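Chain nomenclature is as follows: A, B, C and D, assigned in order of appearance, with residue numbering initiated at 1 for each chain independently.
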Amino acid sequence: MFLINCPFCGERDQSEFSSGGEAHIVRPKQPTELSDDEWAEYLFMRKNIKGIQFERWNHVHGCRKWFNIVRDTSNDKILSVYKMGEKPPVNYK
Amino acid sequence: MLDILHPNISNINKNNIDINLSEEKIKINIRGKNKEFFTKVGKILSIILPSESNTSSSNENYDVLWLSPDEWMIYFDENKNSNIFDQLYKDISSLNFGSITDVSSQLICINIKGENIFELLSSGSPFNFEKFKNNVGSSTQTIVNHIDVILHHKSKNNVNLFVRRSFSEHLYEWLVDSSNFV
Amino acid sequence: MKNKYSVFSLIKNALSQHENWQQAWGNPEPKKEYEAIIVGGGGHGLATAYYLAKKHNLKNIAVLEKGWIGGGNTGRNTTIIRSNYLWDASAGLYDHALKLWENLSQELNYNVMFSQRGVMNLAHNLQDVRDLKRRTHANRLNGIDAVWLNTEEVKKFCPIINTSPDIRYPVLGGTLQRRAGTARHDAVAWGYARGASDMGVDIIQNCEVKGIKRNGDKVEGLETTKGFIKTNKIGVVAAGHSSVIANMAGLKLPLESKPLQALVSEPVKPIIDTVVMSNAVHAYVSQSDKGELVIGAGTDSYVSYTQRGSHNIVEETLKAILELYPIFSRMKMLRQWGGIVDICPDASPIISKTNIKGLYFNCGWGTGGFKATPGSGDLFAHTIANDEPHKLNAAFNLNRFVSGDLVDEHGAAAVAH
Amino acid sequence: MSKLEDYLQTEWPELDVYLTSVTDHYSTASICGPNSKKILNKLFPNLDLSDENFPHMSFKEDKLENINCRIMRISFTGELSYEINIESKYGHSLWKMCIEAGKEFNLTPYGTETMHLLRAEKGFIIVGQDTDGTMTPSDLQMDWIVSKKKYDFIGKRSLYRSDTIREDRKQLVGLLTDDPKEILEEGAQIVSDVKSKPIDMLGHVTSSYFSPNLNKSIALAVVRSGKTMKGQKLIIPMENKNINVTVSDTIFLDKENKRLNA
């Protein structure tokens, strides 16, 4: 349980949000050109990182906006929040 | 005229909490982000849309709540300005400057007033009301008893709560029940 | 076996104030090289090593555990064992495990306290009824004991359930598997550790894997906190941490790791002599031999390795529990914890080879791996020893996410077990 | 809608689209059956209800005493039928007016169980009851719903994986019991041979009813390779007996859609 600083509404309880999983997985431009393996990679395969992970979250019970966060999954500490379309912070790997 | 069926919400007063079904209101959801959109809205409503999160702006006719960077809700008593929706729709939606949606029946407005209302709301919500209760004009979207709500701090210790119609009676029951424990 | 446990050994050791029991398993330093290394000293990993040594004649095996054996999800689950799964592949897998459970205390000469007290699954709406009846019919044809109970029969089998029709989660019926039940989770790990150790398996605790050494598409060994260990067969059974190990080999798995919570009440006199599960409301309950209510909740919706979980998940579960069992309303909860479970998109496990030669994964058990412990170990041992799956785990390969042939147990197992 | 928001905000933010829920803003009344056109005509006398101007699967707007309504000619029962949307606060008034207008035609309210039976007679599926997460439109014999022309749409690629194009997948079929009075249990398993061990399960019954229109029992089921099995005899092994069934078309009544245009 933790607080998330929604880039639009400010700091709110995590129960107002829903998690959209790993961030920066780009939907293939031409799915029909992909092999079954490549399509499975996009659909199912995840880094599932223990440590610093880039993720998508949605303020579903608030402004309904999607945004990205950088979170340490080993202690749930949020290191950075940035909007969709913005460049991910470079100081985390 | 067709009869209106109101939700089964009656007036309750206990522990310095007053819960009422508010009188019938028009609610309009407005969305947009370009310059024409803001100009048109300002002209039609004579109001500047609040750009700061969790705030509202009001004049003698309308209240406008900030919902997200490109979304607001305007509400007002039904007997006023009945053609404002048509005007907004014609000048904005039809011209593709933004999107105007009538949500009058989507949302039920429950008015809650009294000294203990923030204690009541806090007992079923993860929202931190500390700033909200000291600032008349604050607005927010959050959860109360697991139900999505829009809250508007209309005047001191007087909150308009907007909830989806199908959840309204259930939330009202919870509010009445929980008033016993504040 | 060096020190067989029996009434006689108990009496004999009583005479010496129980000070002369032999250590149940050894505490060796790692050798330079092993025929096979199992990463993860939980129930599944220890069982894998046990069956590798016992049935496949491997002589030189190590189990590496970063903490202490059974200190992960083996020691954190709600100990439910059942095999009433919907799909043929799952039914085959879990019933294989259940059959091994039935004889496990004898097999290991270690009391795992397997108690066949029955597991009942409740239906709370018409679709639950359809789904559970479908599963019951499938179970019957697969030779798995399962019966449908109507509301009165549910009440009779477990009288403390509130079956009033006007509650939030009315009970429309349920299924019962009488062969199902619970076992003592620590004992399972300890029993397998003792059995494996006895056959020469090195159980190395406080030894964390830091890297996987590859030579092209083959594994060559493991970097650990106790140095490099050479091997060409690595079986990873690291539950919630499977992806962490996979990333070391440059592999991605179709997994997300999330906290699954459980809680335990103060001990009370016997009040519920079975296990009742309610998937639709994310709540299940049984009573331990000590008298505590053991309550299982749902998972958080986000990836986390914190072993905590959110308060609102517990709140939801307790709300449902109190609605179904009003008699528990004054019970105090003693402790709450979270275990990190690795969940596959189809809620079925993976017991599979990978495209790296000598690297095998046993993971994705999600919320219900404990029940499979003996079967999982047996089949994973077969897969590692033969470099190909047993027919009972063939469907649980990694390739199903590529071809689309998922074993979709979500309907039957979306929540906890 | 949350899935749509997700795609809109994260995959295609350049689209000039806004999503606003109006689920609770509208209430719906469905008028259904051969007299529905006459009843609708009484409620909306100025609306042109002719088949040319208001065909099946089309949509019009009109007013009921000054209140805007959306009227759709659409059917989940297989009967000629209209759905009327009105602002929720007037939903109860709309209902009363429909009942009043329908009195002379013996109009009667119907509930969801009736609706479920009527749709099953027509072979209309309920997603979640007749399907689970593994079914494709092709498995449901609904290939017509999937565009052949579009280069891409959400989910398209997954339809062409090696196991989603297999011919022997579970596919939607109709089942008729040899004894027309025998009603199958929803969830019951289907086999071709009860002697084999272990028994090879081909699929299961998803929907089952006694149809008063046909005076016999009907069922929908998913069966492995079901598409090619029409006319084949199968067995439903229950605890105490085996029930013999024959695979049929999924549409049991009015295959020509005559009732839709009654």
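Please note the rule applied: a residue touches a chain if its C-beta (ideal position, glycine included) is under 8 Å from a C-beta of that chain, and two chains touch if they have at least 3 such contacts.
Please read all numbers here as calculations on a predicted model, not as lab measurements.
Judged by contacting C-beta pairs, the busier of the interfaces A-B and C-D is C-D. Chain centres computed from CA atoms place C at the largest separation from chain D. Separating the centre of chain A from that of chain B, both taken as means of CA atoms, is a distance of 30 Å. Note: centroid distance chain C to chain D, computed from Cα atoms, is 41 Å. Our note on geometry: chain B versus chain C, Cα centroid distance of 49 Å, whole angstroms. Centroids built from CA atoms put chain D at 37 Å from chain A.
Each of the following residues of chain C touches two or more other chains: 402-404. Across the assembly, chain D contributes residues 158, 161-162 that each touch 2 or more other chains. Shown for chain B are the residues in touch with two or more other chains, namely 71. In this structure, the chains touch in the following pairs: A-B, A-C, A-D, B-D, C-D.
Of all residues in chain A, those touching chain C in their complex are 1, 14-15, 18-19, 21-22, 36-37, 39-41, 43-50, 53, 55, 73-76.
Residues of chain A touching chain D in their complex: 18, 20, 27, 30-32, 34, 36, 39, 43, 56, 58, 60, 64-66, 84-85.
Taken in their complex, chain C has these residues touching chain D: 88, 127, 129-138, 140-143, 400, 402-406, 408, 410-411. The part of chain C that touches chain A in the complex is made up of residues 241, 243-244, 247, 252-257, 301-306, 308-312, 342, 345, 401-404. Here chain B touches chain D in the complex through residues 1-6, 24, 29, 31-32, 70-71, 96, 98-99, 101-107, 164-166, going by the rule given at the top.
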